[in-house]
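Shared between the two complexes below is subunit A, which pairs with subunit B and subunit C, respectively.
Moving on, here comes the complex of A and B:
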């Protein structure tokens, strides 16, 4: 049977067509995805990396809520200019606790993978409330409402930490119990800044390429 | 053969909504484009803030406009190519309402800050479940109609629509796997680098099977119909189809060049992307040769003009894509406006234009009267062409500048330009892109008016009787 007559049968049988598409389209995915996703993503965290604290987690979830990641990447490529500009290139172990990953695909603003410690909290405060007060030509949006809301406005931090614990994050019951207290009196702005300051620290001293 | 036999009211309903979401999605696109020129025009309102509004833009154009247009044309063409009335029209109406409700609530949820942060899959878990259920309904309607067909071979356009339905279901389910924490927040089952590989397997193939494959289904039905020519080579279409389905899936990792994922995945993604040029262009050649016999009609018929121009942009985007997938090119293009230019040469030039052409074909047939104004459609054609060209050229200029300036080192090996200098240099390009968007949007408004006037002019007696009696 040559391929034309084989196709003659496939295109006359909806079941065969569906099966054919499913089969042919899943090969590539299985070869590429299975070896990667079947491993334990927590098995090789970068040295010194720890899961986010309650305040940092709140900040990360706010970074997601505001979709900061459509303008900012968190991925430094192993290119000389990039390492000069942003710091040591990114290693996969640094993202072991990232759910979801926030590497981004567009640099309308600079990479933030190693922003932690580069500026003071006060700089971030001024910058997030009005970027143009510190960088006059900035096209980044202002986020005044972050200062107006208290952190964990809807009281969901424990539910979130428990969900992550179920996915393998080593949060203890004590940490989860203490979470609301850790956020008490903090604003959303404090949380975002805590998150930004936590970024990239674990590999700061890593060798350059 | 009588047209009244078919279930076309649900086609009309999807078509109306596609036009509406196109308008709304493009207004959002124009607005985010303007925010990059005047960053304060979100007026301190969270829902208008760039991050949220940009996500609303992509969701509205891809899932509101794109998917509504695909479902409308799939339902229209599957009945005609199968010579039977739609299977389960009641379910088709349920799908219609469910999908539109999901888009309304989904867009609202994004503006309210619910997002999974996974590109083109931002809607949170309740929507993911609703989409999966709706998609099953789409599959039942579509394959149910095919199962009852009166002609033996399943026509080519239906292979592509079929691949759209099957593969997008697979991608959506795997990439959406997450554990909910609250109603509006879930955490991905995959973490870090694993999550990235899964996401771009999804992201690239959503582009592949929705924006490319689905719209190729549209091409394979409406191009030969409007050109009144048979498909040039049937064998070529078979080879191109299966090569397309096989190869596309491998190409996702070209979104992760030089990222913290294994090197072998990146290289495999690059090689497969280059191979992908062959089936992509095979389809383009098949389309061009099909229309070659209708050169005279091409000069006068707006629907055909749109479809053929779309084919040209399809050729451009599927040539540019493999070039961007080469690692040494991607070093410059990645993270820059070049990607945005590539996206919109596909999204505006290919997806939007072929949909417009198809709507100019469909609406007179659905309404039973000629198009309200051919002149208006011609004006739209030139606005759309100018808008797309200007958009793409501006983003090429911006992207290549960014790519070169960011990586440029001085004699001492230090970076030559600060990030903020390069950012400031983007302003003229952003302004040009805004103008391009306005031109494209203006054209779309003209189309909406033209189509609405055409519908308004239909003889009421034909449109009103229930479908059952007209059969």
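Moving on, here comes the complex of A and C:
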């Protein structure tokens, strides 16, 4: 085949060039992404997994606001040392209600995928307000303002839940209606702690590995 | 494995991968071995810049050919082509299961030795105590402190002689494995502010051996009325309920007058999380032995 004349033709025809680029760059996606996106293994929640409650959802959004994911991951890789330290490795079904995913990619602090139940609420309270009070060598910043602000200051919890419901979270109208009441009188600190305590709970008691 | 693609998508992956591979191989080989290359006399830019399609140096051809051979061998050995599992039958799940089996074999004997030894014998074993301290550091130190002396006037000192829930093997094992919840109810509503102050005076005196002092008699009377059910008539506590002894000098939540007053007025909720799902039997036994021996840093 005469590649020079093919080259010539493609370079002089912008439409053909665009089509060629799209075709070549889509091959990887067609092989690696399409079968997974259309498959359903990721869409089945792990047994015992439930969507976050209103308070946990608020805590999750605060986790994003405070950029916790910059230093903490939420994915335990299938490696012996990680399973020994953090618990059973993460399964795809555990992320069914993660929109967006908070897997993270950098562990300055420890992985938090199974932090739920590891410490008491009281410990989290002390630790978030002043990490050095319980872990003297910690380099984590303190987050004292969490205790000063009430949860859902801007009153958007119902809108956020409705958006997630549209994306597939099984929130009922009753749950959405009850959301502001569930956050009433709670601080941002309460919300973050509730979220942290909910992490990894669905795998409690799962056999290792 | 639920995550392998279905039949249709398996075929889809194989078809696209093989077609792409064959097309690329044909292109590379044709450029070098066929008549595909050469100059293009039509494309001349800025008078004398010609655009050609000459192949890259020949070492590059052999390099790309070697990479193609490696790719073919790889998809034959490992999973990659749709539902084909590869000749080595490798899987990530199988890989970690094997690592765990190796791990269990490597340390199985040491574990069996720990589980069959008495805690007193383990306490004499220096290597075992170093292991115990490492387990403590990984799992317990963020609350109880690296020296096990308690922290933040919340998390109990494990180096003293006071044990709210008992220090025998069964009690410690239960505490670590299943956790504990210790509840001190708030008494402000029941005894009033004056009553709280009197009780605080009495309890502080009691901890210093001065419970019989007439100056704290009003507090003593209130104590007999409200506190004895859990803390005992002599203030020696009740390990069934996790009620701490008050006739010693140890204070989990602080022994200053302000701390004691707050404890009585508002109550306390102490919680030890369950570690049964995070620690294995041998690790728990090591911790029990280490704690019984006084939680000393080896």
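Note that the second predicted complex is superposed on the first by the 203 of 209 C-alpha atoms of A that agree within 3 Å, B and C clash if a C-alpha of one lies under 4 Å from a C-alpha of the other, contacts with A are read in each partner's own complex, and residues count from 1 in each chain.
The definition used in the following text is that a contact is a pair of C-beta atoms (placed from the backbone, for glycine too) under 8 Å apart; a residue touches a chain by one contact, two chains touch by 3 or more.
Not measured: the values here are computed from a predicted model.
Participant: Looking at A:99, would you say it contacts subunit B, subunit C, both, or neither? Reply first, second, both or neither.
Facilitator: Only subunit B is touched by A:99; subunit C is not.
Participant: Quick one: classify A:9 as touching subunit B (first), subunit C (second), both or neither.
Facilitator: Neither: A:9 stays clear of subunit B and subunit C.
Participant: Quick check for you: in the superposed arrangement, does A:50 touch first (subunit B), second (subunit C), both or neither?
Facilitator: Touch partners of A:50: none, neither subunit B nor subunit C.
Participant: Going by the contact rule set out at the top, does A:117 touch subunit B (first), subunit C (second), both, or neither?
Facilitator: second
Participant: Could you tell me if A:134 is touching subunit B, subunit C, both of them or neither one (first, second, both, neither)?
Facilitator: second
Participant: Touching A:126, do we find subunit B (first), subunit C (second), both, or neither?
Facilitator: A:126 sits against subunit C, while subunit B stays out of touch.
Participant: I'd like to know which partner A:150 touches here: subunit B for first, subunit C for second, both or neither.
Facilitator: neither
Participant: Looking at A:37 after the superposition, I want to know if it touches subunit B, subunit C, both of them or none. Which is it: first, second, both, neither?
Facilitator: In the superposed model, A:37 contacts subunit B only, not subunit C.
Participant: So subunit A touches subunit B in one structure and subunit C in the other; where do those two contact lists coincide?
Facilitator: On subunit A, the residues that contact subunit B in one structure and subunit C in the other are 4, 7-8, 27, 31, 36, 39, 41, 78-80, 85, 92, 135.
Participant: Where on subunit A does subunit B make contact in their complex?
Facilitator: 4, 7-8, 11-12, 14, 17-18, 20-22, 24-29, 31-33, 36-37, 39, 41-42, 61, 64-71, 73, 75, 77-82, 84-85, 90-92, 94-110, 131-132, 135, 137-145, 154, 156, 159-160, 162-164, 166-167
Participant: Note which residues of subunit A are touching subunit C in the complex, please.
Facilitator: On the subunit A side, the touching residues are 1-5, 7-8, 27, 30-31, 34-36, 38-39, 41, 78-80, 83, 85, 87, 89, 92, 117-123, 126-127, 133-136, 204-205, 208-209.
Participant: For subunit C, which residues are in contact with subunit A within the complex?
Facilitator: 2-3, 5-6, 9, 12-13, 16-17, 20, 27, 30-31, 34-40, 42-43, 52-53, 92-93, 95-97, 99-100, 103, 138, 142-143, 146, 151-152, 154-155, 269, 271-274, 277-278
Participant: Quick one: in the complex, what on subunit B touches subunit A?
Facilitator: It is residues 35-37, 39-40, 42, 44, 46, 49-52, 54-55, 113-119, 122, 143, 146-147, 152-154, 159, 162-163, 166-167, 170, 179-182, 185-199, 201, 235, 238, 242, 245-250, 252-253, 255, 257-262, 265, 268-269, 272, 331, 334-336, 339-340, 402, 406-409, 413-415, 419-420, 423-424 of subunit B that touch subunit A.
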